[in-house]
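Same chain, two partners: chain A is paired with chain B first, then with chain C.
Here is the complex of A and B:
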C-alpha cells in the first residue's frame, strides 16, 4: 500500500525530520520505502532518507509492505 | 552541490584531538575561526548554537559519522568543515558508537535550501562504503581534500 505526501516543513526534510522518520519506521514490522522522482530509499536508514534532499512542497510516495504496513504508513505520513 | 562549494579547505582537520562532543565542536569551530571564515567574536555564539541543536537530538547518525550544524547570522553563505578523529569522539550517537568522521555546517538563517543540499551530498557520499572507509583512514589534510575532490568528480559512484 502507498500514499503520497507533500513536504510541509519550511526547512524541508532536514536531519531531525529524517531521524523521526527512520526511528518511526524501525518500530513496525513493515518494509517502508520513500520515493522521490526515480529514487527510492529505505525509510529506516537516516542516511538514505537524507539523500532525497526533499525541499518544501515536494511530493513523496511512501510505500509500506508487511504485517504492520497500515500502521507504519499512518505513523510515517503523520510526520509530514 | 559539491563539497568545494562549502568546505573551507584551510579548516580541514585530519587529527581531531577532542574525544567529547562539546570539545570536538569547539575544536572544529575554532578551525573555521583560524581559517578566517568566522570572527573570533562569533566563536562562542556559534558553538552555543550548535550545542543547542545537539540538545534536540544528536547529529551522530551512526556508522561513525556526525554532522553537527546550526543556522547562524554570522555567515553569509553555507560554511562547512570536516574533521577525522583517530581516537573516536563520544557523540551520543544513535547507535551508541563513537564518531570518527565529522562534517560541521553553519548556514545563514534564510538559506534552508543549501543546508538541505549539503546534507544530501554528505549523506549520499557517506552511504558509499569506500568513501566512508577511506575518510576514516585519512591521516592528513591532503588525503581528505583528495577524497572530497574525488567525490565531487563522481569517482565514488
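Here is the complex of A and C:
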C-alpha cells in the first residue's frame, strides 16, 4: 500500500524529520520506502532519506509492505 | 620532484609517505589489500564504527545535559547515520569486491555522500555535508589512531603534512608511525615543534601553501637540519640522503656511550644537563640520556588537551609520576605558561590585539587565582614524593613576584590546615625572559631561590621580534649582542650571590652556542633529551678558559653575524667532524 505526501516543513526534509522517520520506520514490522521522482530509498536509512534532498513542497510516495504496513504508513505520514 | 623550504624546528632526516591532513581531515591514501586480508579489513571497519558510536553516545549524553535537547539531537542523528544499512553495505562492497583498505573505503563512501549533499540546491540541506565530513574525520581518527595495523596497510613510516596541527591532533596520532611533521604555518616554539622535539623526529614548519601539490601516499624526505622537504624525490636525492642517514646512525651508535657518563668539560668541570619535557613519557627519555634532573617541565599541555578546567587530581598524578620516574633527581615544574602562540579556548581572554604583551603566563594565572591555586596545590602535594622546585614564567616586576608569593603562602596554609604533607622548603624560582627582570636581577635574586633563563622569550622581548612572523623572523637571533649582554648580566649576578642559574631556551641545545654559554658563566643547561648527546660531546671537548676568551670576544663584538661566524669557526676547530647546519 502507498500514499502520496507533500513536504510541508519550511526547512524541507531536514535532519530532525529524517531522524524521526527512520526511528519510526524501525519500530514496525514492515518495509517502508520513500520515492522521490525515480529514486527509492529505505525509510529506515537516515542518510538515504536525507540525500533525497526533499525541499519544501516536493511530493513523495511512501510505500509500506508487510505485517504492520498500514500502521507504519499512518505513523510515518503523520510526520509530514 | 617538488622541493619545499620552511623553518627547521626539530633536527634529523626521515623518509616516509605523505599523510596529508587538510580541511576535510585526513586525505586518505588510495590503498588496496590482498583478498586474504579482506576479513581483517571488514573487522577494522566494524570496530571503527562501534568505537565511533560509543564516543558519539557519550557526547550526546553530555550535550543533552549541558546544552539541552536540541544539541543531543544532532548526535542522535549522527548515530543513526552510522546505523544506515545502505551506507554500511556500500563500504563493505568497496572492501569485499574492490579490495579497498578499510580507511580508503570509508573515506571514499563518506566523501561521495558529502558531494551529494553539496549538490542539493537547497541551502539548509546542503549544510549537512559538514556533518558527514565531521563523522568521517571522527572515524578516520579512530582508524588511524587506535588501530596501528591500519597504518601498516599503507606503510610503516609516515610524514605528516598539514596546514597546522592542534595539540589534540598530535596526541591522537599513532606516534610509532610518524617520522616527521611538515606544516604550512607555525614556527619555532609552536606546539608542533615541541612535540617533534619530544618525539625526536624532524619537523619543518612555516612552509607556506603547498598541500595542493601533494597527494597522500607520495614519497617524502624531510631534512629537519636544513628545513627542506622533497616530495617524490629523484633517485639521486634519495641516495644522497640514505648516505647521510647511515652516517647519522654510526655517529649515534658512538654517542650512545655518552649516556652513562656525567657531562664534564675537557678540564674536568662538571656541567649539569637537565631535561626539558612536556609529556610524561619524556621523563624516562631524559633519564635514559643521563640527565641530572628536569630543568623545565611544561604544564600547558595538561590545559590544552583537557578542554575542561584544570582538575587538581589529574595534575597531581602526572607530577607525581614524573617525580617518581626521576627517582630522586630534581624536577622543575613550570606553572601554566599559556601564551600568545598557544591559544586555548576556555582561557583565552577577550580578543587580544597584542597577545605577546598581553594577559599571558603568570599574569593570566594571577588574574585567575582559583585556577592558579589548584595547580600550586597539585605541585605541592607531589613535592611529598621527591625533590620538586616551582618555576614561575614571565615574572616582569617585583610587585608581581610578591603577589605570586602571597598566593603560594595561602596555598601553604591551606594545605597545612588540612594536614596534607608537602615540602615546606620547596624552592621557588622565576624564568628570566623579560628585559625588565634582567635590569632588576640583583633585587630579584634577593627574593627567589633560583632562576632559569628562557631565551626564546628573552630574545623576542629584547629585539622586539615575533618569531612566528616570517617577515621579521630573521631578526630573531640568540647571537644578538644585546641578548648576550643580558644573559651575561643575569648569570654574573646569580653566580655572585651563589643562587642556582640555568638556561632552558633553545640556545641551550645548539652545540655552536655551548662554548659561549659556558664562557658567560653558565654551568647548568636544560634541553630536550634529543639534544643531550650532542651537547655532552661538545662539552667534553671544551676548555673553560678558552670558552671564557670566546665569550669576552663575543661581548666586544657589535653584530650577530660576526659572533655566529666566530662560534662556528671555534667549534669547527675543536670538533672537525662536526657538521654545523647549513
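The criterion applied here is as follows: the second predicted complex is superposed on the first by the 80 of 80 C-alpha atoms of A that agree within 3 Å, B and C clash if a C-alpha of one lies under 4 Å from a C-alpha of the other, contacts with A are read in each partner's own complex, and residues count from 1 in each chain.
Assume contacts are C-beta pairs under 8 Å (C-beta built on N, C-alpha and C of every residue); 3 or more make two chains touch, one makes a residue touch a chain.
Please read these numbers as outputs of a predicted model, since none were measured by experiment.
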* Asked: What is the contact status of A:67 with respect to chain B (first) and chain C (second): first, second, both, or neither?
  -> neither
* Asked: Where does A:44 make contact in the superposed view: on chain B (first), on chain C (second), on both, or on neither?
  -> second
* To do: Answer with first, second, both or neither: which of chain B and chain C does A:14 touch in the superposed model?
  => both
* Report for A:55: first if it touches chain B alone, second if chain C alone, otherwise both or neither. => both
* If you lay the two complexes on top of each other, which residues of chain A touch chain B in one and chain C in the other? -> 11-16, 19, 46-48, 50-51, 53, 55
* Structure fact -> Residue set of chain A touching chain C in the complex reads 11-16, 18-19, 22-23, 41-42, 44-48, 50-51, 53, 55
* To do: Mind listing the chain B positions that touch chain A in their complex?
  => 56-57, 59, 61-63, 65, 67, 69, 94, 112-113, 115-117, 119-120, 122-124, 126-127
* Which bits of chain C are touching chain A when the two form their complex? -> 73-74, 76-77, 80-81, 83-87, 113, 116-117, 120-122, 124-125, 128, 131
* Would you mind writing out the residues of chain A in touch with chain B in their complex? => 10-16, 19, 46-48, 50-55
